[in-house]
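Data block below; observations after.
As written, the chains take the letters A, B, C and D, and residue 1 is the first residue of each chain.
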Amino acid sequence: MAIIAAFIVVILLAVALIPWMNVLWKGVITVAAVCVLALLSSIIAAGALSGNHFEQLFRGSAITGPIPVRVDALSGFFMLIINFTFITGAFYGLQYMKAYRKQSTDISLHGISFILAQASLLAICVLQNSIAFLIAWEIMALSSFILIIFEHGKRETIKAGINFLIQSHICIMLLTLAFIWVAMKKDSYDFRAITLFTASGSLLTGVALFLCFFMGFAIKAGFVPFHTWLPYAHPAAPAHISGIMSGVIIKIGIYGILRMLLLIRCDYLLVGYIILFVAVITGIYGVMLAIVQHNLKRLLAYHSIENIGIIGIGIGLGCIGIGKENNVLTFLGFAGALLHTLNHSLFKSLLFYGAGNVYQSAHTMDIEKLGGLGKRMPHSSVLFLVASLAICGLPPFNGFVSEFLIYKGVFSGLQGSDKLLLSGIVGALFGLPLIGGLAMLCFTKAYGTVFLGRARHAPDQLPREAGAGKLIPMYAVLLLIIGIGLFPQIFITALDRPLALFTGINSTAGLLPEAGSAGNTISQVGTWALLFLLLAGLVFWIRKKITALKPVTPGNTWGCGYTGPVEKMQYTASSFIRSYRKLAEPLLLIHKKKKEIKEVFPGDGGQETHPYDKAEAWLIDYPLQRLKGFFNRFTFLQNGNLQFYILYGVVFITLVLIVPLVADYLLSLVKFLNKL
Amino acid sequence: MTGIYLAGAFGISGFLFFNRSRVINYLLVSAFLVLQLGFTIYEYLHINKPELTYFTPDALGILLLVTLTIISIPAMYHSYMYLGSKQDNPGHTAIYFAAMVALLTSVSAAYLSNHIAVTWIFVELTTLSASALIYHRRNNRSLEGTWKYVFVCAISITLVFIGILFLSFSLSQAGADDLSFSNLLRKAPELNQFWLRLAFIFIFTGFTAKLGLVPMYTAGIDAKDKAPSPAGALMSSVLMNVGFVGIFRFYTVVSHTTVHSWANHIILIAALLSIFVATVYMTKVKNIKRMFAYSSIEHAGLVMLGLVAGGVGYFAAVLHIILHAFIKASLFFQQGQIYRVYQSKSMYDVGNYFKYNLTGSMVMLLGFFFATAMPPSGLFITEFMMFRSLFEAGYLWVLVVVMLLLTVIIWAFGKNIFKLLFSAPVAFKEEGVEKIKPVESLSQFILLGLVVYLGLNPPQEFLHLIREAIKNLPQ
Amino acid sequence: MTNVLLIIFTISLLYLGIAHRLLTYIKILTIQGVLLFGIAFIELIEINAVNLTFVLLETIVIKAIAIPLFLNYVMKRNRITRDAEPFLPNFVSLILITLIVITTFILSNAINDARISKIYFVVAISTLFTGLYIIVTRHKLITHVMGYLVIENGVFILSLAVGNEMPVLVNLGILLDIFASVFLLGIFVNRIGDVLKDADVDQLKSLKD
Amino acid sequence: MISFILIILTSLFFSGIIIRTKSRTSGRKGPGLFQPVKDIIRLFKKGAVYSKTTSFIFQAAPSIYYASILMAIMVIPLGEYRGIISFEGDFVFFAYLLGVGKFFMILAALDTGSSFEGMGASREALFSMFAEPAFFILMGSFALLTGHTSFQEIFASLHFGSYISYILGVLATLVLAMIAMVENSRMPFDDPKTHLELTMVHEVMILDNSGFDLGLILHATNLKFGMYGALIANLFMGSFPLYLTIPIFLGIQLLFAVSIGLLESFTARFRMNHNAQYILALSSVSLLIFLGVLLMLGQFS
């Protein structure tokens, strides 16, 4: 109780103070408030994760009814992720925002929204009253909207912001619909009513309710085809906000899905198949589009979609596990999903911070214009490299651990004789490596063109390494990435309790023997990953020892005999993925602009590609265009002519009076004819 | 007390009309506000006690009267701000305040009247006083707005009168001739169906002009656009509520008859069409005030949906109309400030308001969130309840259509608001921009704060009043 | 006797449909005022004297004399041309008004109410819709006002149907009549005539979306 | 452990055998069996030329690549003798380790800022990406067939019996061999002996490597051959005792090398832009294997 009170007081205090401070203090207060909030909530969260279920019932108002605050292990887990990402984001943002220190009012708004975003995210994890939940949800959406449109001078930023706002609204509408359904049946806003409702209804009712929730949360999480806001919002926001959005805000959608799985009693098998299907498509589609992007942040945004797909595969497998009463599958699926949620929040925020460093030193996000930053910004380069490796799921980093768990889940599901199950699993088995492979293509492209080679356009001033203020939070993230990669068993053990919630659905036993065996395997993975690191070091060391004595000649890159290489000769990012693009073209929507080289003495030639999202074109643009056309047909109504205005009234009254009469006559006529 | 109030207020209005002195004008307006406040408190304390035969301060009347009183104070304040910045001639100012006082008084009386014919008289008076406000600028376009408003309202009020005549036919069948609401309610089951239907359709159509519903919403848009912004605020809030009172009270009567479901269908059609029309024009208009006006149409439609759905929807409808009044009033007040900065209402001329008036832009931002029913706005709660009641009443398709339309409205509304707040204006000269003091926006913040408070954590007494107001509806 | 007057009233509506000139409109309004006087006198003879006097005064003084004079004045002052300028040919108007009358007549069959005399209902509703029809189909602003006055006459007839039971409603209707006519015409005379030289509907179409 | 040593051993003469086979089929005598190894040792002794464009990544990449392959080899079992690394799902680890090496090689290629190396890197990345699903579905089929999820357990309990199983064995061998071809950039996907940068895949990636680094890369290629050969061999070993498995292992490696030599002598490489679809076709073959496994398990009865 005291903690919650303190929590609220800190929010109010910070929000009240920020507008009156000077710019530096605005930042400091924001960071301090974020830290304090994180600390306060982490106490509860850590307690919940170690088994002390926290529950408190607030009286609420006459409108909302009693508001239960329940922190179980699942909430605790997500709260810790949120807190960590917000702390690194706040520290990174403190430095990042120095470039904008003249926009004092914007920064106040930004700081307040930042605190509110954190608080509302935490609230979403713990509130278990529909109305309170929806309010927290919307505050989260609105505050992140404000955070996104920080650079509101740009037209695209506002556009992206509105896009985000509208899709958030559709999301909340779907959630509202689902909550109303429950409230109608059980007349209670408590989340427990969801369980009561679905337990009493048929399994299909549960599935329908779940799907309603799922669609709502999927918009926030960015499942295809509900993802279209995401690639706009991420590039528009400042780097730390992109990091947080991708790291935790979209994860709250995952939290929602998991929470509903815990609450709703339904046909888990069917639900599992649906999630698995959507997730595989999401993963492949996300990465397919990520590869063709030219904007670094947009590329990262599409990768978030891909990773949500991977998490979704885990959840889908877990659900199938529940449905099949296969505890191993349940355990591994959800463990993979949860761990990947954590992992993705780490490496994706790190990648976005890295992209922020690039942006602030090179002043562009266009991959085609960047290059050779590795030498100018060694720290950022290394950090970005590690994060890239991690996001590709390569050992010895954390991404591998969670993907490994999901793989293990996939293989452990390869049993029995259910053809539907097997084909689902084969789908996952096809999807996962393909996603991994494509991610590799994508990140070699991104890292290779941004940090390696030579700069592809001459910047006004030479790029400089980011300051320590930005690097320290990034290194903190890095530490965790490597930590999870090398000592995964610690984190798997921490997942025991959240996982027990899921495995508990179909077995009375809390902790599982499977946990032990998985932990064992996982610890081996960690050990061997460490060994790999050592082995690589050893080979490198031997190489160094041997080559130390040998002559080293600096020279030019091999240019097929051409000895005056210029940066324009470098392979570009577009060319790097050209063969991929050619293959994937039928599935993508790429607008091309080509200027052919002609005649004997040709002028300039060139080619541009502008990737567009086919799902967006079909599902958003086209219906929207039709809707607009439809609306435009009715714009004669307010035509300024008074006579028409009177006519509306006359027509209304006449129709209301005449139509039922005519209908009656027609009906009696029909009856009469029938008699004949 | 009602008698004193009416006499006093109309007296003040008369004095204001003839007075040309600034100081006396202040005094008279303050006197009116004190009178209004006193009257409100008195009526609140003497709830459900009939006065002058034709006035009963019932729960609904009290709720709306309190709303009016709360809005009237900033309305007067913003009127001074508005007129002060324009250096108007004293004659126009005098007419302005006289009309405003008359408007507020007749609206208050219309809220409290317990007799349908008396309500009708005061509604007619509101048209008169409102038209004087609309014509304040005295140019071609305001003349056009006034003419349209007066004409459409005159037709509407005639329709209401015809409706009342039909109602009296119906009532005479039941062997009674007292047109007071309580009597109507008592006789409701005996009313002749045929006449009642006619009465309902005419009265409903007539009152839509005030409430801002399809079919007679049209002239109200022009009126809110052309009226000075404080007057626009009143027209979009308290004057709208007059239409609501008229429809609500009569609907309460109808709900006890066999015509109930038929009436529901009519209201449903009108409400859906209203939301639809609002959507169509929200995506199209480029005039901030007209946009707000269309937003009011949308909310009127929502309120009516609440009535149609029944159950918890009744509660939501009453709460919604009150909260909407606060939000719309503050948005219109803020629009006055925007106009002072840009000297334009057109979307093409405004922009980057965030830079020129930080406090005002916060009002705008919050007002947008609140008007589109995003939490923590109280409208979120009411819309949630309305959706719930629609769901419960089995109008799932209506719910889906409404949700879709509301989403489009948010999109259109948001696009314009963010253009206003954040995008740089075209060809706007920064020098000589009027600086607006933050304190001028204080009242708007208070109104918005009320929306949160009343929506999320309403005091018991308030809830009790709303429940009292809807107690005669079938539960 | 009232029935005869009411039928004459209905015929005046048809005449309204084919009238070309504004002066004819004014004449018809005068005639209608006189007819209403007759109907009211016969119908309301039983109610108390004060009320009756009020009603009769209103019909004869205002409806039959003041308003026509006023309209005349307005027309002269604003130099309004004589033609009524309908959108539709008069022939069509005639058919439509006839249709309105017939439809209301058919509709009135649905009433099975002994107390309310059907003919009042038919005439009143026909008048109402004819008025609305005139407003919608005529070009000039002044004809809108005339249409409105026709509507008022319809309302008056309707109120006479319950005039015996609820005289207060008749009075209210009269109040409405006086108020609205004075108000509308007042605006007209004072403002619109000054601002818009030829009072044409098209000049009041700038407020739109 | 024993498989590790055997694979290292194989790697020493694997290339030699291929080259010798190719020489023989074209009527030449050809170099000695250990000539490739000698070349590598010679490279180890040399100094290096580094492009001024390159950074640290370029120097570290070959070592990491080499280490990743060594590490991957440790996972390979020999019949029922487990590799140094063995746990449930170890082949996932195996595949991703190879991925790490490839990742760094691609980066190294991009690091040079060359006009050609990116091209090779792009192809390498694309091709191996398409090969991966085939490998995983293959392993999935085996996992379904045997109920185990580690290399050693799978291979130890893999028995051929019915005619379907032999077809599956052949198909699996085909898939693994083709994956090996893709991973090592050999015919028919890539011609290591081509002399035009525009048509190379792997060779163009390492254009700028020299000295010790080049040696590492070349040896890593040989190791990879041995590794895939070992995988294929494992398909046929079952749970034989050691004195049988080692000859089988060596025999299959020899057969593998010879068939690569023959293949490279008598076929032409695929058109570059058709490669991807051929590689993706491997996934379809893997799916066929999966269906075959279902058939074996009696799922279609």
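Convention: a contact is a pair of C-beta atoms (placed from the backbone, for glycine too) under 8 Å apart; a residue touches a chain by one contact, two chains touch by 3 or more.
Remember, predicted model here, so these are calculated numbers, not experimental data.
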* What is the identifier of the chain with the smallest separation between its Cα mean and the overall Cα mean? -> A
* Asked: If every chain is reduced to the average of its C-alpha atoms, which one ends up farthest from subunit A?
  -> C
* Approximate Å spacing (C-alpha centroids) for the pair subunit A, subunit B -> 43
* To do: Find the geometric centre of each of subunit A and subunit C from their Cα atoms only, then give the gap between the two centres in Å, rounded to an integer.
  => 68
* Could you tell me the distance, in whole angstrom, between the mean C-alpha positions of subunit A and subunit D? => 36
* Asked: Could you state the distance in Å from the CA-based centre of subunit B to that of subunit C?
  -> 31
* Asked: Using the touch rule from the top of the page, what residues of subunit C touch 2 or more other chains?
  -> 110, 132, 135, 144, 204, 206-207, 209
* **subunit A: positions in contact with at least two other chains** => 635, 638, 642, 646, 657
* Mind pulling the subunit D residues that touch 2 or more other chains? -> none
* Asked: Every pair of chains that touch: which are they?
  -> A-B, A-C, A-D, B-C
* Structure fact -> subunit C residues touching subunit B in their complex are 110-111, 113, 115-116, 128, 132, 135, 141, 144, 148, 151-152, 155, 158-159, 161-162, 165-166, 168-169, 172-173, 175-176, 179-180, 183-184, 187, 191-192, 195-196, 204, 206-207, 209
* **Of subunit A, residues touching subunit D in the complex** => 371-372, 374-375, 385, 389, 392-395, 400, 403-404, 407-408, 410-412, 414-415, 417, 419, 422, 425-426, 429-430, 432-434, 436-438, 440-441, 443-444, 447-449, 452-454, 517, 521, 524-525, 528, 531-532, 535-536, 538-540, 543, 546-547, 550-560, 565, 567, 569-572, 575-580, 582-583
* Asked: Inside the complex, what are the residues of subunit C that reach subunit A?
  -> 107, 110, 129, 132, 135-137, 144, 201, 204-209
* In the complex with subunit C, residue positions of subunit A that touch it -> 635, 638-643, 646-647, 650, 657, 661
* Structure fact -> Seen from subunit B, its contact residues with subunit C in the complex are 117, 120-121, 124, 128, 131, 135, 140-141, 143-148, 150-151, 154-155, 157-158, 161-162, 164-165, 168-169, 172-173, 177, 179, 192, 194-195, 221-222, 225-226, 281, 284-285, 287, 290
